[in-house]
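Here's a structure for you.
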Amino acid sequence: MKETLIRKIKDVSLTDPILIEGLPGVGHVGKLVADHMVEALKADKIIEIYSPHFPPKVLVRNNGTIKQVRNEIYAYKGKENEPDLLLLIGDYQSATNEGHYELTGVFLDIAEQYGVKRIFALGGYGTGQFVDKPTVIGAVNRLELVEEMKQCGVTFHENEPGGGIIGASGLLLGLGGLRGIDAICLMGVTSGYIVDPKTAQEVLRVLSKSLMIDVEMQALEERAKEMEKIIGKLQEMEKAQAPYEVTNDDDLRYIG
Amino acid sequence: MKETLIRKIKDVSLTDPILIEGLPGVGHVGKLVADHMVEALKADKIIEIYSPHFPPKVLVRNNGTIKQVRNEIYAYKGKENEPDLLLLIGDYQSATNEGHYELTGVFLDIAEQYGVKRIFALGGYGTGQFVDKPTVIGAVNRLELVEEMKQCGVTFHENEPGGGIIGASGLLLGLGGLRGIDAICLMGVTSGYIVDPKTAQEVLRVLSKSLMIDVEMQALEERAKEMEKIIGKLQEMEKAQAPYEVTNDDDLRYIG
Amino acid sequence: MKETLIRKIKDVSLTDPILIEGLPGVGHVGKLVADHMVEALKADKIIEIYSPHFPPKVLVRNNGTIKQVRNEIYAYKGKENEPDLLLLIGDYQSATNEGHYELTGVFLDIAEQYGVKRIFALGGYGTGQFVDKPTVIGAVNRLELVEEMKQCGVTFHENEPGGGIIGASGLLLGLGGLRGIDAICLMGVTSGYIVDPKTAQEVLRVLSKSLMIDVEMQALEERAKEMEKIIGKLQEMEKAQAPYEVTNDDDLRYIG
Amino acid sequence: MKETLIRKIKDVSLTDPILIEGLPGVGHVGKLVADHMVEALKADKIIEIYSPHFPPKVLVRNNGTIKQVRNEIYAYKGKENEPDLLLLIGDYQSATNEGHYELTGVFLDIAEQYGVKRIFALGGYGTGQFVDKPTVIGAVNRLELVEEMKQCGVTFHENEPGGGIIGASGLLLGLGGLRGIDAICLMGVTSGYIVDPKTAQEVLRVLSKSLMIDVEMQALEERAKEMEKIIGKLQEMEKAQAPYEVTNDDDLRYIG
């Protein structure tokens, strides 16, 4: 397996779907929101993406079976006036720079096949300090989107985040723009120390408003606790096995 | 040499062989068991695999000749009711993430050519503590295999190993599953500090039971001591030569 | 996106243009000078270059829109006796060794298409000490150029810089020479601790003399201050987000 | 430039030439001997090899001109009963694992084109202690060569070097063997702390005896001193520029 593999699970027909990306990243905010949406909306898995740019590993489930690390795309057929959605979630992002470019290209190819005209990239913005009242800051790839997003409660700060936006979220905006697809990055302001359900709720609130889809929110808190536990265990195990590891720790550290 | 090179040494005809993977890994358990099986069963070398993903080096034998680092596949024709086996062993695993994916793809291509329908991936599970009574924990790529393996003495722990299974062992389960091949990972619980013959014996006991092949076990202890010596020397030399090394230490550290 | 992408923005017709490279590098000297020239000469952007060898990120502008990191080529039609120019600037250089070779190949392909016969590669030479009277040291890819550059105020030191010239500047001389294109590296001697407008002025003075183009210099100081601020912010943010980053810090550190 | 580039400088016709490799490596022993032989034998440069696997840099000569880092092959037509030689020297070895495999493949392709049937790979064997009476230890890729080399004064130690032989020297033996070419590695035992002319003389003595070519030796000492100076300067500069470097230090450190 030298190439990224796109495995179609199910055929669906969607109308102008909006792509929501919630891969692992800063403070686990994007992953938390998107994983939750997949479940709350009962979205259907339609595509699995495997890639040599992901860490070379499988995860072990509670029942003893394994799961090859991957990214997945789920489809949601909007009810009544709701728009159709594609939800991109996964265990990891690319472990290499080049892989981010390749995989984002793959995501955008799929988006174009389904006629996607708008992308929301969800993430966190780590401040290093605990946040009392979580807010959502934004970045967009077309100026007109700033005003629209402000209407939904998104804040824009001059030249922030100062370090730019790294990984799939950033490239979906950058490379998406080169293909003429509107893209908006929603970053929940978070300490970065914990999996932060309050910040995730705020991101979901903004997103729901823009999508005009109501998503139940109470399960978010529990999901955050569970995710925190899994990440803690993952890190602990990686530390324990570090001296014997086959591969470079840097390439393998958990992102989510 | 830009591509992985598969060098056929010998033609054999096998019936539904089972593939046993014992490449270097945590606590050297898998390598110890598989190297031992190759010798105890007098298996025939049929394939050598060379790859730019292995460290760029040769090993030096006692007689002054060298050995290009590689992976090897041995064949064993089962006697009477025994199944046929393919045994995958080697000096190193891939030194890169992408290489793990590519090489596992190569292993699975070969497995499919020989009609392999089941894979055992052998490894260790390092706890960081010395283990009194070694056990074998398992992970599988099809739920029905859990019960079968429990019958052979394998333990399954909820969501363990928490850090997932990394390298060829993990990918043989993950990518093997995508090709519809059953695969089982047997991990001997070990401290990880030494080459652990007791744990290796336990893995071999479980494996023998499942394969219904008797393998002599006494030589395991001596082989463990010898392997410990070689690894010690290798690490010592690498440390001594580190300041002058041509290549990145991380990429070259011994795995086995 | 697996390959470097050359995006033509505008068609221009130039006569024997001289290529000026000012990508990020030691002390930000080259970037400072070239960015300034683009603005002061009101040069036209004709080409954007995107590559998987750049960090996988977008920068965020003051107005909330993003910019996919890239390299850019601007064209300047010389007035009267002035030569035509191509100016190569950008946010980053390649994040990988191989990428430097590939991208320099791309730059030289473009240079050849426009009939470039001479290249100036601008950079800094960090001494680790604050410099009272900035000077410009040179290196060339054809011996006859040494004398010519001395006439413009360039100093040549025996075997200096002793560590060679790394990145695009070096390779433009080396690989450019293999294609028969004259190339000169102008290195402003600088402490390396700050974005150094005095050193940049000296490089610009030498370059202006050789090109026989007058470039206004006063804005350089202000531009240096602004660049210093942006870099400071970038570094601060990268540090703050480091534990949660998706990608390897080494690959992402700002060069400019 | 995405691929390794072989640039033919001169056509020569040789009879069964022996290939001598002396690229940078442990203690600079191989490079010292081979560089010296090129000069002492007045060999002709016939091939230059450029590669994206070398560090992305140029070196600066005393006269202000640059040299793109590369490997070079020189030819020597043997006088009377002397054999013809190909001498492989260079500024660096590959900076990546994969590059070692690719470049060694390139070297062997060239060797086969010239009908090479025997290779000497020259290197050092660092002990970390100053060596009173330098010796030369060997490794070979065909058992019969052990006895022959002992006749020339080469020592063979059981299983030594314990860490194997890394880089081009190792792979020339390993991959050369796969192509049926005899190859011998001569490693001068050295502290590894300095560029060691005494050890180099010993390697040259052994090699001269085997080749039956007399090579003048006195210039070796002076060459060692000069090389020591250049390396010191290179390291100093790299340290000074480290915080501003475009590329990863690990990938760029001088090998020679």
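For reference, chains read A, B, C and D in written order, and residue numbers begin at 1 within each chain.
In this section, a contact is a pair of C-beta atoms (placed from the backbone, for glycine too) under 8 Å apart; a residue touches a chain by one contact, two chains touch by 3 or more.
Note that the structure is a prediction, hence the values are computed from the model and not measured.
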Note, CA centroid farthest from chain B's centroid sits on chain C
Residue numbers at the chain A-chain B contact, same meaning over half shared and different meaning under half, come out as different
Chain-centre distance (mean CA atoms) for chain A and chain D, in whole Å, is 50
Cα centre of chain A to Cα centre of chain C, whole Å, reads 35
Contacts with two or more other chains occur in chain A at residues 96, 251
Chain pairs satisfying touch are A-B, A-C, B-D, C-D
Residue positions on chain A within touch of chain B in the complex are 1-2, 5, 7, 50-69, 95-96, 230, 233-234, 236-238, 240-241, 243-248, 251-252
In their shared complex, chain A is touched by residues of chain B numbered 24-27, 93-94, 96-98, 100-102, 104-105, 124, 126-128, 138-143, 146, 156, 158-168, 170-171, 173-175, 177-178, 185, 192, 250-251, 255
